[in-house]
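Chains here go by letter, A, B, C, D and E, matching the order in which they are written, and residues are numbered from 1 within each.
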Amino acid sequence: MLKIKKSDLNKLYAAIAERQTLYIPCNVSGKVNYAVWGEGADVDLSTLKTVRSAKEVFFPQCEDIVSFKKEGKNISVKSDHKESEDFVVFGVRACDCRSFDILDRVFLSDPVDTFYKTKREHGTVITLACNRPEESCFCFAFGIDNAEPEGDIAAYFAGDYLYWSPKTEKGLNLTKTLNSLLLTATDKDNDALEKEQNNIRQTNERLPFYGLDLSVWGADGLLEKFNSEKWKELSEACVGCGACTFVCPTCQCYDVRDFDKGNGVQRYRCWDSCMYKDFTMMAHGTPRPTQMQRFRQRFMHKLVYYPSNNEGIFSCVGCGRCVEKCPIHMNIVKVIKAFGGEKNE
Amino acid sequence: MQKIGVFICWCGSNIAATVDVKKVAEAALREPGVVFSADYQYMCSESGQRLMKDTIKEKGLTGVVVCSCSPRMHEATFRKAAESCGLNPYMVEIANIREHCSWIHKDIEEATEKAVILMRAAVAKVNLNQSLTAGKSDVVKRALVIGGGIAGIQTALDIAEAGYEVDIVEKKPTIGGKMAELDKTFPTLDCSACILTPKMVDAAAHEKIKIYAYSEVEKVSGFVGNFTATIRKKARYVNENLCTGCGLCTEKCPSRKAPNEFNEGLNTRSAIYIPFAQAVPKLAVIDPAACIHFKTGKCGLCEKTCDAKAIDYNQKDELIERRYGAIVVATGFNVIKLDNFEEYGYAANPDVITSLELERLMNAAGPTGGTLLRPSDKTHPKKIVFVQCVGSRGQRPCDKPYCSKICCMYTAKHSMLIREKYPDTEVYVFYIDVRTPGKNFEEFYRRAVEQYGVHYIKGQVGKVAENEGKLRVYGSDLLLNEQVVIDADLVVLAAAIEPDESAKKIATMLTTSIDTNNFLTEAHPKLRPVESATAGIFLSGVCQGPKDIPETVAQASAAAVKVVGLLAKDQITCNPCVARSDELLCNGCSACEKVCPYGAISYMDKEVNDHGKREVRRLAYVNEAVCQGCGACTVACPSGAMDLKGFTNKQIMAEVDAICR
Amino acid sequence: MTDLQKQIENIKRISGANPEKCMRCGKCTAACPNYSEMEYHPHQFVYFIENGQLDRLLKSDSAFRCMTCFACVERCPRDVKPAKLIEAVRLTLIRRKDSNYLKPDEIPQKIDEDLPQQAIVSAFRKYTK
Amino acid sequence: MSVENKEFKPTIVAFCCNWCSYAGADLAGSGRMQYPADVKIIRVPCSCRVNPMFILRAFQRGADGVILCGCHPGDCHYSTGNYYTRRRMTMLFDFLDYLGIERGRTRVEWVSAAEGARFASVMNDFVKKVRDLGPNRKITDLRCKPVEKEGE
Amino acid sequence: MQKVAEIAQKRAIQLLNQGAVNRVLGWKKGEFPYDETPAVFASADELKDFVYDSFSSPNLSKYLIEESRKEGKVLAFLKPCDTYSFNQLIKEHRVNRENVYIIGIECGGMIDVVTLKNRGAVGLTGADDDGENITAHTLYGDVKVRKEEVLLEKCQACKGKKHVIYDELIIVNPQDEKPRDRFAGVEAIEAMTPQERFDFWRAQLSKCIRCNACRNICPACSCLQCVFDNPKSGVASKASPDTFEEQLYHIIRAFHVAGRCTDCGECSRVCPQDIPLHLLNRKFIKDMSAFYGEYKAGEDSETRPPLVDFSKDDVEPCIISDKGGDR
């Protein structure tokens, strides 16, 4: 276990950024999102939830795939795939970190998404324990420990220090380059850290969603849930925007679109939302013409389809962003509960 | 994918001297969709057109771009040529490389570069062009003439003579209009009634003409070739089928105090009346505002008198709906109100009269039986002052900015007639300019001066004041540079004329436009003077602008010819570049309807199939026969449902893209 | 621009009137109650200013004969405002400061019994500032 | 900047209504009245056909200035079209200004079919103003400017 | 507020039982004080979850497009500013007025959760509103703030407490109806230099994640298919791959709702990135009133919106280009 004084953190960022691009939550124009660190950046690690999740560093909202150029009667094709350079993403919360596993299962299984893969390979994830969980958090429902996050390096705030614990090869390699800044933690430090972690876990127990129970969800009862009458009522107020999907760390749907430059085409992919009317639009129209069907798709996918294809793992990490950002406050927790997903105590 | 041929015209040296046409032709081949390009000396020539036609056939072209002069010049030529060999004419676009390029640039390189870009934009547009077919709509073979003055009567007669039905709607109880009030007409001095009343009788007798007198057009809907008008036939309280026009009732009527409109209020008439002896239709009409029966429920003398039993106190307004292929507006004019011209003392002094009132005072059928007597004391006036341009050519709020056109001539006529009939009368005319552009007009005016000794004074009257039973007229004589004072017995004002107040209402009803003076606007001041901007609506007479009788009759006949030309067709071809609403995108919000200047957009509830979802929606519907293709609706439409054929959003954006590329 | 032109421009500016609008109807002169006292009449003021013959007006005392009754302004169908032009000519003369203009105390002697009250009052108003 | 400005050839899109301004441009041509070749005219039936989208599109694709020409108010061939144009464009232009986009890049001018000389002088003036402003960077799509993209 | 909610609930049950209405559109209780969801209640039993308090911010008007086309009558609770949206929808023929029974409901201002949290209420689990102050209960203790300070932007710029359309009213505490100044924010931006304005909007708009929440919540954006979703429109796009797209989307959206936007403030409320979108719409509102005469969209259901109207002596667009100052 290593440590660094909070007041020295800027030096740490600078040291990382000297070698690699560093993505870190920054306050830009009043909102905290992942941004590339630079001198004078307004780093904000106290805000628990960035608006957009950390997935954007591996799976950006827009990404050029290929371009076509037309000259005379010839068309030339150019791939826009580039091998990524090494980079670091700092301050990833436990939930967001788990979301990478969920994305990996989609993008790294056959056929492999090379755009995603290169970024995963070159990215080092530094996670951060959540000292002050909030009312919308329910990561514990998915077995995530927000006091002991995963990642290449796990970091924790306690007292005046940031504690630093490399967990993987990548983490160790990065740590090596920062040796001059990092001190070794003492037993006293370990005690303080443990105390802080216990604090976090105790806070969790006081959270409103602590009783959330997903045992009724998963691969079983697919048709029964699909045909349930409850979807109508749940989806009634949904306005069909993509706020929930775009702040979600696990949503991985994208659309491939062409930008017509007049004498050529830039093909790019961009996040899509299953809540949109034109999601998976085909020549004959959309397979899910009503908002209820689209709404159901989103939650069935997270809580039923994905687990049934992935050993029961849910495609939700309980970050609670959608709980806070939905314009009409319909959210996955309400869906879970509507089907009996609450422990009766 | 289109197969586009690009033809670059040299226009002799007009284009070729400044634009490297070969280079443009080469560049064209690099554009998407282009399969052929050529340059030619004169594309518009017979052989140039042949080149285009042959290539269309040989290469199976689906689109053509001609880089040449302005489309305003030869677009129609090239489209016709394309059509003649089976290509839809709307698959042809013009790149204007003459007026917009070769003629304004000197540098060959620069001009060529620009020509390439203009060509590229045209190609980009043609790539998205679609064949357009003009819609057709049936023509109802009947015309409506609004207004039964000389203009309306002449138009109706001409249309009827050509064999088409025509209805005249006149708001007064008789047709005839202002001309019926006139005594003599210039420059021939023939009797107005003698030339007008036979026409009125002709109109009434014509089997193709139906006269709705004492009626008003209440509502008009529809479009060229297919209008529907609602006509309100006001209650006469006299059964028109029974009334013989004998006039006995009018003699017996005890209420005799209503001002006589026909005599400009210079005398009175009975409550039941026939406007004048030669009225058409010659039927009595009850003025309920003056009738004792309507006011008190008593009297009923007319009913008792009428042997034909034509009186019907319970008659109600009747609404008649009729369909028409064309509408002619002939609503005529009125003399302006002179209440605001206190310098002339019109309101204060009965011996200050308008020229129209003078017409009645000199008319044998007028209140004085044709003897000129001044209104106040019924004596012969010995000194008469005419004042020109009263309310015309001015810029005060009470003035009209235009020249009323007819005053100079009728004043010459009046002064001449007075001098002839009463040689002991002195006549003075204050004028600013004497305007006599017309056949025999100047000669006529000179006769007044030379033969009849009328005193023309170049100057204007500043004040008319009563002075010991006379009218003291203060005027200026600019040629003498003196102020002149004349003690006159009668002052006659040549008051300005203005469009009848109904013109504004009717213009709105017909969605045609009026100018700031409420004259109806013609479609083009030179080339389409008798048509309004709205298809199927024509203009006749003074409603379009001040006119004398011969001009009015000429325009009336011209309007009739236009109407006949329209009615002669069984169907009319519409402009294919019209707006179209995409049913699946239309929200039914009415924004487009609100901005349409032609009322071409209406809404209907219709069932649509939106990708399997069936529902009834409120949808915009464009009447292609009415739409003129301006595109105002396309921008008002937020959902992009409304688009303009021939100038679609995507076509214009493709042009933009090509230019900016 | 010559001196005269400048003066004319200035007169147009002061008066806010536009002599070009005149259509030469003479109604101003016809309406003028003090016509007989003036060498040049309202329509001539308009015409001379438009024609560049301002010097003729400046040499005359007509500008001071105008009683500013505004009958001409009121009557003018073209909104030329002759009295305003006359007023501006008068101002031009006054501003020359060579004392060739009518003095206020001379006015009572020149007043005609038949002059309209309105004209006297407005002249009085004008010269007792 | 000054060096750049000398060589800077702006791209200018002019939307002209068919009945007045396009004819005015034709007349300018017939009169051989010079104006810069930077101006490219797109013919539309009426100025009211011009959707704000087209104007933004032009900027996106790299236009440095967009000018919209129509009949004088009151003279519209379709009687009222340009009145709507006037409102729409006043609104749009003030909005672009509000977003910090240079106001000199947009303009509406009323040019009648008889005003060939005016058409030319309007274009000369507009091109000059746009040249002074330099290339459009604030409201353009970098994807449409490959050279600049690589340069940056 | 508590009392208003009770009366509303009672009245809704009454109307349902009488058969005067078939459904009730209102707000439904959530997990926290702030996560109320618009909901349609079909029975007295369902109405026990009805809630109305200072977190009932969603504007229910837009739901009436769908609801009023269904069979039977729907009772809708509309706050004063929501009634403007409803009127505007009537003007655009988007709702069937006969099928809606409107109860205008008193509004004491709605709370902005984001501001409340920024004021220290992190981990918010409950809140009490005494009209003056809000006491927020959080995982980490209570926070007390003045209500005025944590109101939603739309309430800080309240249009007034007058309902412009309703069938009946529920008002317990009548309040002063003076509209507040709405244009200070716009004026502040207008006062900046062009470069400052550009930088301001660049910074704000580049936060946009194109989630379309602003558009989909907007009662004026009621198009069946938005031009940005329509592949045939030529401008469709799902994301903003370039800064231009961010500008385009927000310019066109603001232009499309210009003259129709009632300034209900929902766009700014729902923006996950807190972009002050109301400043775009209000610029149009301000300009239109300045150039074409005072106009409030939704004040009635007949007046023509300024952009589908004209007057012959309207200002010329050159008043913008000739404004002077820094280009």
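Convention: a contact is a pair of C-beta atoms (placed from the backbone, for glycine too) under 8 Å apart; a residue touches a chain by one contact, two chains touch by 3 or more.
The structure presented is a predicted model; accordingly, all values stated were derived computationally and were not measured.
Setting subunit B aside while every other chain stays in place, the touching chains sort into these groups: A, D, E | C. Shared contact partners of subunit B and subunit D, listed by label: A, E. Here the chain-to-chain distance from subunit A to subunit C, counted in touching steps, is 2.
Most remote chain with respect to subunit C, judged by CA-atom centres, is A. Counting C-beta pairs in contact across A-E and across A-B shows that the higher total falls to A-E.
Among the remaining chains, A is positioned farthest from subunit B, on the basis of C-alpha centroids.
Closest chain to the protein centre (all Cα atoms averaged), using per-chain Cα means: D. Centres computed as Cα averages put subunit A at a distance of 46 Å from subunit D. Mean C-alpha positions place subunit D and subunit E at a centre distance of 36 Å. Here the spacing of subunit C and subunit E, counted between their Cα centres, is 65 Å.
For subunit B, the set of residues touching two or more other chains reads 595, 636, 649, 653, 657, 660-661.
Those residues of subunit D in touch with two or more other chains are numbered 52-53, 57, 61, 80, 84, 88, 143-144. Those chain pairs judged to touch are A-B, A-D, A-E, B-C, B-D, B-E, D-E. Listing the residues of subunit C that touch subunit B in their complex gives 21, 23-32, 35-36, 41, 43-44, 71, 74-79. Put simply, subunit D touches subunit A in their complex at residues 61, 143-144.
Taken in their complex, subunit A has these residues touching subunit E: 28-31, 33, 48, 51-52, 61-62, 64, 132-136, 203, 206-209, 233, 236-237, 239-243, 245-247, 255, 257, 259, 268, 270-273, 276-278, 281, 323-331, 333-334.
Per the touch definition, subunit D reaches subunit E in the complex via residues 52-53, 56-57, 59-60, 73-74, 80, 83-84, 86-104, 106-108, 133, 138-143. Listing the residues of subunit E that touch subunit A in their complex gives 30-32, 34-40, 58, 62-63, 113, 122-125, 138-140, 203-204, 206-207, 209-213, 215-217, 225, 229, 231, 237-241, 266, 269-270, 272-274.
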